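Chain naming follows the written order as A, B, C and D, and within any one chain the residues start at number 1.
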Amino acid sequence: MAKLYFRYSVMNSGKTTALIQTAYNYEERGMKALVLKPAVDTKGEDAVISRLGIERKVDVLVHPDDSIDVLLSAQPKVSCVLVDEAQFLTPEQVEELFWFAVDADVPVIAYGLRTDFQTHGFPGSTRLLELAHELQELRTVCRCGKKAVLNGRKLNGVFVNEGSQIAIEDQDNIEYEALCAADYKKLVLQSANS
Amino acid sequence: MAKLYFRYSVMNSGKTTALIQTAYNYEERGMKALVLKPAVDTKGEDAVISRLGIERKVDVLVHPDDSIDVLLSAQPKVSCVLVDEAQFLTPEQVEELFWFAVDADVPVIAYGLRTDFQTHGFPGSTRLLELAHELQELRTVCRCGKKAVLNGRKLNGVFVNEGSQIAIEDQDNIEYEALCAADYKKLVLQSANS
Amino acid sequence: MAKLYFRYSVMNSGKTTALIQTAYNYEERGMKALVLKPAVDTKGEDAVISRLGIERKVDVLVHPDDSIDVLLSAQPKVSCVLVDEAQFLTPEQVEELFWFAVDADVPVIAYGLRTDFQTHGFPGSTRLLELAHELQELRTVCRCGKKAVLNGRKLNGVFVNEGSQIAIEDQDNIEYEALCAADYKKLVLQSANS
Amino acid sequence: MAKLYFRYSVMNSGKTTALIQTAYNYEERGMKALVLKPAVDTKGEDAVISRLGIERKVDVLVHPDDSIDVLLSAQPKVSCVLVDEAQFLTPEQVEELFWFAVDADVPVIAYGLRTDFQTHGFPGSTRLLELAHELQELRTVCRCGKKAVLNGRKLNGVFVNEGSQIAIEDQDNIEYEALCAADYKKLVLQSANS
């Protein structure tokens, strides 16, 4: 019985590189990996692009009203399903992916953020945390060298702690920086423009 | 900088045994472990009791309106804080435990369920999944031998999929059985009395 | 296809408690768990005994010349095989357990030390580290509160760094204390009687 | 206190990609990552090259007689040390890296194979398995879709199970294929030219 994996992390840890590597590993062995991306992430359009400069075509863009079951039934048989920016899935789509893995016996590996810039889950990532058979963290470091666990948002270069949950990096003067909890407290909670 | 750990699992995997072992390990080395339990879990009253027959006194019962900060500031300095049945904490209490670990540099290890009998998170467990520095699974097996990931509830010996989120085992003819996804589908979703 | 798991740790972390809990979890679900122990560990004779005071009968004592295949073929069909003090297996016995898991499709969970009091592997634990499908650490703390990774040996209450690899605790005035690397350096390498 | 991490895997799982991503993550935050490679791996000369096509300059080539302490003391202060093909380190070099992480408080992340094409450890990888503070697996799949745990060697396209422990891929008509245990038994142990 295949599993749904949630490989979660903070911003800029290398999730997309990891996804592209996993797709490569499958395809090098002659197996097909299907790459999904929620359409709400407009960065890269129909490709996933790693900060290391490597990219890969997205096979299926997923809109909020889409049924995963309908989308996947229109595809040829695959050996695994990979999802980039999985935090932007709806909870219903996460549930469909969970049961797809179980019923079709095809592993689903979802890469995504655990929480937003205010430490709260996205609807899709929270459902992934609740349901995925395996939770696997992709780690990166804070500017202080400790493990980063929270995401700080900068608007025009200044940390902020108010705003809409979704704002794509490199658009609208938005940047993100992954931080340890102590630096998040100091730089965002105690100093941010709000 | 100490961390908040969420050691999550399904029902009846040995969470309380693991908590008692961890407390023992600290105290064998001359360090104090403080054990907290949400008061909503009325099983065992002011003790945590493992199915293996071992038990340990609870140091602090936590009521839904309690402030963790107030409760902990009334305690002598400890080397770690252990929480049993952590899914019954409120989200605010989870946030207090996260910042307590960071600010006081004392590790907090929360043991609890990931989801209820309908596959949904408890408010406390969902906040733990979002915030904890480390998510660590305690595993157990389904009746079929596969890893269990979901919790089935039985009322008078029959699986049900409706009812209130919280119902304590061994009370009101309630039992739980941890299941793999395929058996949950077969035994609960397709067959349960609802 | 079932797997060989190596749940490794330092001394006194709760390995035997974890083994007994796992056996309990299987048997509560009506499945048989078979418990093996190398005969070289004379502590507890034909039982495994946890420092928490719980114990369980050993089903099969394994001598260095024994063939695991022969021993297991004399047993009724089981749902899992659990090994306590697995560092005392021979490398050949570890290989037999690996292929037994794969060929018989029965999970084998081996609990044992990673290294001896001089930071070197036991022949059995090194082979487990090389071969096991999954390496899973059971953690405990050093006297300083950090994670313990090495084992210090005391003879008559004084740390030593010479002696035979195998010496059972509570016999011959031997004790062990799990330590972090910095405390091992300070207490054992720089101060020990040698 | 920093740690020595051993991120181990089978052949062709993406270890070098992961190393380059980690170096990038550090350097994006203004911290220096130092990349070491044993000189015995002649592939790529003074660069590490991922199968995805990305590469990075090696800072220090390590020869079997080199002292890691001497090599590192000649370098400016760094935020982390990354080692590619770490299975080719000597056991003494692994011990030096362990104590460097502890004493200098600089994390050391070693990427390497766990075992050779005959299921045995390399001297360096076995010492890493025994000593590293954290063992973290980088996973990939067998041709059958299951997790790969062993490495098969092909000579002129045919699986073999005899030969020298070290033979670099793409040289001398050597290739490797990561396999699950069942396929390793079938393709290598039962069928190989020996």
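The rule is simple: contacts are C-beta pairs under 8 Å (C-beta built on N, C-alpha and C of every residue); 3 or more make two chains touch, one makes a residue touch a chain.
Keep in mind that this is a model prediction, so the values were computed, not measured.
Engineer: Listed by label, which chains are in contact with chain C and with chain D?
Structural biologist: Common contact partners of chain C and chain D, which must touch each of the two, are absent.
Engineer: Centre to centre, by mean C-alpha position, how many angstrom separate chain B and chain C?
Structural biologist: About 28 Å, centre to centre.
Engineer: Please compute the C-alpha centroid of chain A, do the same for chain C, then give the distance between them in whole Å.
Structural biologist: That gives a centre separation of 39 Å.
Engineer: Counting only residues that touch at least 2 other chains, which ones in chain A make the list?
Structural biologist: Within chain A, no residue contacts more than one other chain.
Engineer: Considering only which chains touch which, how would you classify the arrangement: line, ring, star, complete or other?
Structural biologist: ring
Engineer: Report the residues of chain C in contact with chain B in the complex, numbered from low to high.
Structural biologist: Result: residues 12-14, 17-18, 20-22, 24-26, 28-31, 51-54, 79-80, 107, 140-143, 145 of chain C touch chain B.
Engineer: Which residues of chain D touch chain C in the complex?
Structural biologist: Within the complex, chain D contacts chain C at residues 1, 98-99, 102, 114-115, 119-121, 126, 129-131, 133-135, 137, 146-147, 149, 180-182, 185.
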